[in-house]
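In what comes next, chain A is part of two complexes: it sits with chain B in the first one and with chain C in the second one.
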Partner chain A sequence: MSTTTAPASATVADAGYGSARRRDPVLIGLWISLVLVAVVWIAPFVFIVFTSLKTTGDVMTTGAFTPPATVHYQNYENAWARGDFSTTFTNSVIITFIKVPLGLFISAMAAYALARMRIIWGKLILLIILFGTMIPFQVMLAPIFTVVNSFGLIDTYPGIILPYLAFGVPYQVFILHGFFSVIPRELSEAARIDGASDITIFRRIFLPASIPVLAALLILDFVNTWNEFAMALVILQDAGMWTLPLGLMSFQGQFSNDYGQLNAAIVMTVLPATIVYLIFQRYFVSGLMSGAVKG
Partner chain B sequence: MASVEIENVRKSFGTVGVIHGVSVHIDDGEFVILVGPSGCGKSTLLRMIAGLESIGSGLIRIGDRVVNQLEPKDRDIAMVFQNYALYPQMTVAQNMGFALELKGVKKAEIDAKVNEAAEILGLTSLLKRLPKQLSGGQRQRVAMGRAIVRDPQVFLFDEPLSNLDAKLRVAMRAEIKSLQKRLGTTTIYVTHDQIEAMTMADKIVVLKDGVIEQVGSPLELYDRPANVFVAGFIGSPSMNMLSGTIENDGGARLVLGSGASIPIAKDGGVKPGDKVVFGIRPEHIELDPDNGIEARIEVVEPTGAETHVLAKIGDADVTCVLRERITVREGETIPLAFARGHGHFFAPETGARLAD
Partner chain C sequence: MQVKPLQDSRFQAFVLLGPALVVYLVFAVYPMVDVFVLSFQRWNGLDPERAFAGLSNYKYIFTNDPVFWVAFRNTVIWTVLSVIFPPAAGLLLAIGLNQKIFGRGTLRALYYLPVIIAPIAVATMWRWMYDPFFGLFNQMLAAFGLQGLIQDWLGDRNIALYSIFVAYFWQQVGFSMVLFLAGLQGVSQTLVEAARIDGAGRFQVFRYVTLPALRVTTTIVLVLSLINSLKAFDIVYGMTGGGPAQSTQMLALWAFTQSMQIFDFGRGGAISVVLLVITIAIVVPYLRWMQRRDTGE
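Our next item is the complex of A and B:
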């Protein structure tokens, strides 16, 4: 008995090693390419983080990718105070935290209505909304300035939030409309028979079902809004209303020689968006996929 | 519970008419099955009863109320869908209690009703699970539970067993039928499966191209189909249809186009010289070494309990179901005879049953 068992197990083990050795060369090539691309992308971040933690002297005497000999947190404190980051950070938080959820809510409601309710000219309305995705907002900066100015909203939160909403809603409607359209019709019909109104169906059935897509859109919109520069530059002219990217630009002009503080300011500017992205990136991928190929 | 009256209902999608003046009376507590091939309008009719499709013209009454203009929720109906339509993020209990929750029923009462329905359907241990954690059969039971909890006047089923495997379908068939008898709720059930229709219904409505072909009990439809379509649709394998002329040559015979002459029992409705479509069910064709006529075997399908034989008499195809075990092969000939008194005669032009 034992003599027959031993060779059998040896054969199984051999087979296992054999299959492990047979790697797909295309896959290996792909992995190497991805690692190289990742290095190219990560290198500037490493440079920024390392530099933000070095003294001015260290910056000048050590290599760009040399880790700081002593960690110099003072750069962050100084940059925060000298660049008035408390003001720009507060403005960015207010604008982003109002615009992102509000935009998503409006987009979800519009997408539900266009995908699931019988609306006269519904398809035309959808087309008009989707037309918004085709216009680069840089082209519209001058007209937007004129409109916002004529409403007296320059240097106000509504003045920047409303244009952000106008340019954010179309692509969100586009993605959510695609997602809602493939949710089985029977689900909303069953809810209607159960006595649910459209608002209830939207709130109780569709919103919970679309959490991955909403999470993905939330990240995308958060990062875009947080980092937006051009429109903020046009509409927010008073330094007291500036957002982080504007503050950073001004800081760069004033302290371009103090690389430590400058990079500390850059880290503080991009860190919130990066944290949000890293926390939700799993939903981001699955959400976009489910919107694209579900059904 | 309530009766349902469908009066001359019509429906079009754009210029395409799908229901052409359908009228059916469904008694209180009756189990009625709408059956027909794909595209016959059966699901559209059910959806009109549910209020999910508008009614082109005509009236639908549930009990004493005309429901044409009522919202689905106000019609006091419950519907079970083919793909279950369970709310994915709600547990089984929440799915079943959703309608009552929307009605503002107190939680204790909802729990009691959900538990009662769960007990009837054997779902008690699954109440906290999500739909994705259930098998197909369990999901279908939850969908039924959701309907039961509402205690509606009418149950509507839209091909509820189509997504289940064959074995489970048979089990669920019996389960739905016994549940309906137990609750006594008027039920309208749509299927394209004539076996489901035959085994479950009190009354079958056969539809084709938006028109009712026949209404009757399963055995009425089986024994006295109103036309060629119903005769072919009800029963499996389908009824054999042979076009020929009646002759009276030493007893009634059906003479086929190929010249083959088959002895039959002539009915009162036909006379010698008449051209007819003669229908006979596969189980009414038997082996008869003494008087049978030669048929050449094309295909033999043994199912265990019986043997299905596809054969040719002249150039006409016939299917017969033989209860006895026979050892025959393709290409051989066997003597077949048509059982007396089981033939059906139809007019060749209209397909309508000839009076007997």
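Our next item is the complex of A and C:
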């Protein structure tokens, strides 16, 4: 659905507001107001970056949007060391890099089974899974802690990865199920006549066909996992297991008066997701769109 | 498919569906059931025994817990604000950015940027911007000679909740915007052209063609905004932790505090159940509506 709407939108806009309306005053006014609001929207980022490059003295004496007189890179070095960023960064990388591909893989398998195989109570299973897309886990942090604890997995990588997987499954199955359902039957029938099993058909035909959708989901899930805070807060209690968001929260608690370093810590936490977003922006938005709004 | 032995096909379905289903049932569905059980028990999270407590947890939170009703009120206010403002602003931006204007791709990307920032980082950023002495807001007010308006944005219990909401609004607008942009692409251009040829002005086209065509999108945006608003845990935890004097306490955060900090899993469970029941009451009709729409088309 997203693949068909993207090119259409360009031609639609061309047709609607063609060359005759190029100097339309309404559009110029609109453009100016959109740019002004955008400036306000990114002002916080500018403020944070500027502060992160100032000494504490500069922060107190210079204006909010005054660029730093001398660029004080040491804030980053100091914040990195004091906030133990090497530990939290490593933990975030390990958890995200295991959870995201693994989660997509199991979701894709399940989505294939539910969309293309005859399963007893398949409809009911799908409904139960879809129900999960709508329930915020923030509502039940304590019982999640309890179940992880009963497996003895508090403060371990599997202890956080398993619930992450569980709460990632619904949305991804929802999207992939929709995608697999509309793949033409002829594509798999030929292979089936040649004697291929469902697992082979999934691996050789459906998985390659869904790479664009998988890419969009991969990026969405990367950002969500990287940013997740509440679940990590209850499950990762030992400082050696903390992820970046937990590290930032603790940094804020301890060094909130060291403005330069605090803002450097914010920038370092936010940067990886921002870079991923800016590089893969196209996939990102189409992934979100294909999920929420069926054209 | 009939050629294959049934056994084999069943085994394959099991292999494919099994991992996701087991993980989902154990770590997502079971806690949801367990929270109902917990709400009828007395438990500190450590004891091997979970004693039955009847309705005492509910009785406590409804009648003896002063914070519960504050949290309840705040959750309602928060939800109402979240359903009105970010979608409204998102719709306006989407309409603007749906026109063919210079740099609209860049503008869209900028408005969407806050959505991908970790909520806890948003909380930290805005806490710093709200800093009473060196923060952005008070500095700017001072610079414009508006000292009278300077506030302790997060320290004043009358405005703290709204201060947090402004940060949340900043983050959420892009999300609604993207959904509305997707919806706008589904608006039939033939209809728009036809209306124009019939002499409809810009506003009339919007009012009588675009807006009715966005009905489905609007419903989706409103429901997702509502569900997202219940997820607003990180931002409150990071900005005020529920303070000052519990004035920004919310149900999800209060359930967490009862269980994980006061170690009363029963009361925490009861609070979670209240919130879950409200969520389910909204979600189930919505899912049925979605299903009817899918099968209807």
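One rule holds for everything that comes next: the second predicted complex is superposed on the first by the 244 of 295 C-alpha atoms of A that agree within 3 Å, B and C clash if a C-alpha of one lies under 4 Å from a C-alpha of the other, contacts with A are read in each partner's own complex, and residues count from 1 in each chain.
We adopt the following convention: a contact is a pair of C-beta atoms (placed from the backbone, for glycine too) under 8 Å apart; a residue touches a chain by one contact, two chains touch by 3 or more.
Since the structure is predicted, the reported quantities are computational estimates derived from the model, not experimental observations.
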Which partner, once the models are overlaid, touches more of chain A's residues, chain C or chain B?
C
If you stack the two complexes on chain A, which partner ends up touching A:Phe145: first (chain B), second (chain C), both, or neither?
second
Touching A:Val182 in the superposition: chain B (first), chain C (second), both, neither?
neither
In the overlaid three-chain picture, which partner chain does A:Pro170 touch, first (chain B) or second (chain C), both, or neither?
second
For A:Ala239, using the defined touch cut-off, is the partner it touches chain B, chain C, both, or neither? Pick first, second, both or neither.
neither
If you stack the two complexes on chain A, which partner ends up touching A:Ala209: first (chain B), second (chain C), both, or neither?
first
Touching A:Trp31 in the superposition: chain B (first), chain C (second), both, neither?
second
Of the partners chain B and chain C, which touch A:Leu124 in the superposed model: first, second, both, neither?
neither
So in the superposed three-chain picture, is A:Tyr277 touching just chain B, just chain C, both, or none of them (first/second/both/neither)?
second
Which partner does A:Ala190 reach: the first (chain B), the second (chain C), both, or neither?
first
Following superposition on chain A, which residues of chain A contact chain B and also contact chain C?
192
Looking at the complex, which residues from chain C come into contact with chain A?
1, 4, 8-9, 12-13, 15-17, 19-21, 23-24, 26-32, 34-35, 38, 45, 93, 96-103, 107-114, 116-121, 124-129, 131, 134, 136, 139-140, 143, 170, 178-179, 181-183, 185-186, 189, 192-193, 202, 216-217, 220, 224, 227, 230-231, 233-234, 237-238, 252, 255-256, 259-260, 265, 268-269, 272, 275-276, 279-280, 283, 286-287, 294
Provide the residue numbers of chain A that touch chain C in the complex, in ascending order.
2, 5, 8-9, 12-17, 26-27, 30-31, 33-35, 37-38, 41-45, 47-48, 51, 59-60, 63-64, 106-107, 109-110, 112-114, 117-119, 125, 128-132, 134-149, 162-163, 165-167, 169-170, 173, 192, 197-199, 202, 223, 226-227, 229-230, 233-234, 244-245, 248-249, 252, 256, 259, 262-263, 265-266, 269-270, 273-274, 277-278, 281, 284-285, 288-289, 292-295
Any idea which chain A residues touch chain B in the complex?
184, 186-187, 189-196, 200, 204-205, 208-209
Sort out for me which residues of chain B touch chain A in the complex.
50-52, 71-73, 77-79, 81-83, 85, 87-89, 98-99, 102-103, 146, 150
